[in-house]
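Once you scroll down, you'll see the structures, which are given as structure tokens.
Paired with chain B in one complex and with chain C in the other, chain A is shared by the two complexes that follow.
Presenting the complex of A and B:
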């Protein structure tokens, strides 16, 4: 176990060193992502200043929501998105075959060797929004609320990593997954807003089959003491359990697809 | 010697989409796709003993890579059974991977932007190689493959030949019992090919590492592998030694005699005239085991032979002969029993 952890940590170190070789491109990536997010958040802020709230959420509450969403997403995506988004090419180019002849779980190798420090910009932005918003939303701090904040963030990161894993695993069987990533990000865009503003069918979808509602909507609602449709008093538990359950489901799906892998190129 | 690799009636079937012509065909394919089974490997049986060097040979699409993928744990056979070091490779993928080394000529395991030494260190951790063994192997292999001068250079700055030498050295860093090489000399220049061939031959001889090699460069096989397995369209065509291949596939040794004066018609017992003009005469020799001295002794005493050249058919010629006559050949040739002597 210690050897495995040391190996995974070494993979992360190699990846970080590789990325730091190209400083200019890293700074440009951070800046570009910062501007991209700032643009989206500004448009939400403009809507809020015009209509005062979105579905009953004020700007400080929305800032906490967006910060939570951005940070949870970044923590999950920094390990998974960039490398698993290219799974189609990895499979078709035969690179996945190379992983299977090494004495390591190929998912673990991909995830840790592709650790992406470009998400530093997301993490700073998410943290900044949370730190700015928390004093303004009147949360009464206690052990359960602190657990909700940190546990909810970890659960959010797990959901992101699980969804990306599930989508990428499709490439092992179909040799295609890129269009599914497009679909995933369409729903991900929806999860940037409180689920309560959508029609009931979308609310239900975001809390069940596409569990992106647990990325920020459910935990932040619990922190703010807002009611969560369909979940009610079960919401705090569901929020913390969603991430680990998503991980179990994603791991099972990955194994299912791996057993059906029939090789890629060559 | 006991077999460490065995394939028993192995077959691998892939389902391939059949595309239909025209726009209507494309719509039909979309609505109700039709697939057909493609037998990439069909009923192949062989076994390989520890310390052997075996060339796995065949044209494109013959099923070479599919067989290598089944032996290395990437794919499972559709029928039959593959065992490597007593294990079923895909079921015990990680344990199998620890005992084998794999080099795919067209794919790299090296970290592109980091020095070669970092890839070696990662390999040490991946395969849990003890420090002392790693240091010994790294020094020996770097010396044998002449890696020392560029071991601290980023991989992206290395030539293809340097990278391939590094790939092969790295694949041996954990002392694998078996080394699988898929087209290891592809794209290399003559000098780099020579270095790789000599190195593999030496590793097989000195360390007793079993080598399974697929290649299109037949000189690789001539220099490294005493035994070859030949496949075509997924089926086993031949399993045996190079001389047995030449014999089985009918390729003949060619004898060229050069005379001092016009020899007229020349007859040589056990040889068939095959060309030549002026002072030169060419013959195709029967594969009856006779030596050159015995053949020449059969020449008339008055013959004024100035020079003699004996040309052994290369594997390329042997295989070309086979494929050219494939249309008329009634049955596949097997030159050796499945279990090696």
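Presenting the complex of A and C:
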């Protein structure tokens, strides 16, 4: 176990050092990605300046929501997205067969050897929005609310990593998964807005089978003391438990697909 | 011209082969449009009209603006150019008896036509049946809207090509793609119409060519401007098309001098 952990840490260090060889490119990538997100957030800000609220959420509350969503996503995606998005090419090209004969778990190898530090822009933007919004939304700080903030962020990162793992695992069986990532991101975009503005069927979906509602909507609602439909008083616990439960489900699904993997052919 | 049409047709047929992918994209677009309509329902709650725009008009804006007039394809063009440069495929593209920007335009046009027919139209029909779809303000507005639609798609493609061609110097199409995505998200009026923008930002956004991608076509469809204004702005849009096309030609001719093919 100790050797495995040190190997994974070594893989991460190698990856980071490689990426840091091109520092200017890295800074441009951070700026560009931050700018891309800022464009969408500006659109939301414009709606809020003109209409004052979206489903009862003011701009400072939405800023906290968007910051939380962006930061949670970045923390999960830096370990998974770029590495697993190309899973169908890895499978069809036969690279996955080679990973299977290595003395390390193939998922762990893919995830840690491809650790992506290009999410700096997301992290800075997410943190910036949270730091700007927190003093304005009147949260009464206590140990449970601090736990909700940090635990909710970790849970959000877990949900992101789990969803990406589940989608990529489909490539082990179907040999195609890239278009499923498109679908994942369509639901992910839904989770950038308070779930309460959607029809009940989508609210339920975001709180159950597609648990992206726990990325920001549930934890930020709990922090702000807003009621969460369907969850009620159970919302704080559900928010913290959603991430670990998603990890367990994703691990089970990965193993399920791995057992049915028959090679990429060719 | 026949080569151009052959490329458009080949690209169209290539898209038609991936049926499961097409179904997923229809579902994805339905979800995206649902999100947009839900936002407008949420912000219009209890209000009749805002700045003379009703919720019904905003639903049409979300529906057509998010499908036929979407700027999403633009990022795909930048990505394609970046891949062509990074993999060295640009060398073989230069050997072909047609200019690379023209081939790119034809391929993207084929994809776009496919999207309009098999993704946008079904989504508009489904969501229109659920939420209702207002027709264009009048027949002349409808005819002008078709002209604006053509201007919109050409401006999206030329802008994306122009941005993508800068990959010859910066070698990082991924970052260029993100910059463009952020820019178009606001300035095309794709999510929020420019009539809701604060004063100064609205003036700037209206003057830039990006507003011909979604905002101006939808304003014409909804009859927000009279016919004289609409024709005048269609001509301005065509002027932007000419200016962007000229910029692409100039940048492409300079980019060609950057290419160094190593061995074989």
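Just so it is clear, the second predicted complex is superposed on the first by the 263 of 266 C-alpha atoms of A that agree within 3 Å, B and C clash if a C-alpha of one lies under 4 Å from a C-alpha of the other, contacts with A are read in each partner's own complex, and residues count from 1 in each chain.
To be clear about the criterion, a residue touches a chain if its C-beta (ideal position, glycine included) is under 8 Å from a C-beta of that chain, and two chains touch if they have at least 3 such contacts.
Nothing here was measured: the structure is a model prediction, and the numbers come from that model.
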So, after the overlay on chain A, do chain B and chain C clash or fit? They fit
Superposed model, chain A: greater residue contact from chain B or chain C: C
Touching partner for A:166 - first (chain B), second (chain C), both, neither: neither
Centroid geometry (CA): angle chain B/chain A/chain C, rounded to a multiple of 10 degrees: 90
Between chain B and chain C, whom does A:6 touch in the aligned arrangement: first, second, both, or neither? first
Name the contact category of A:21: first (chain B only), second (chain C only), both, or neither. first
By the touch definition at the top of the document, which applies to A:216: first (chain B), second (chain C), both, or neither? neither
Applying the document's definition of touch, where does A:97 land relative to chain B and chain C: first, second, both, or neither? first
If you take every C-alpha pair with one atom in chain B and one in chain C, what is the shortest distance in Å after superposing? 9
Residue numbers of chain A touching chain B in their complex, please. 3, 6-7, 10-11, 14, 17-18, 21-22, 93-95, 97-98, 100-104, 261-263, 266
Per the touch rule, the chain B residues reaching chain A in their complex are 14, 65-66, 69, 72-75, 93-95, 97-98, 100, 102, 104, 106-107, 109, 111, 113-114, 118, 121-122, 125-128, 182
Chain A contacts chain C in the complex at 25, 28-29, 31-33, 35-40, 42-43, 46-47, 49-51, 53-55, 176, 179-180, 182-183, 185-187, 189-190, 193, 197-199, 202
Considering only the defined contacts, which chain C positions touch chain A in the complex? 18, 20-21, 24-25, 27-29, 31-32, 34-35, 38-39, 41-45, 50, 170, 172, 174-179, 181-186, 190-192, 196-198, 201
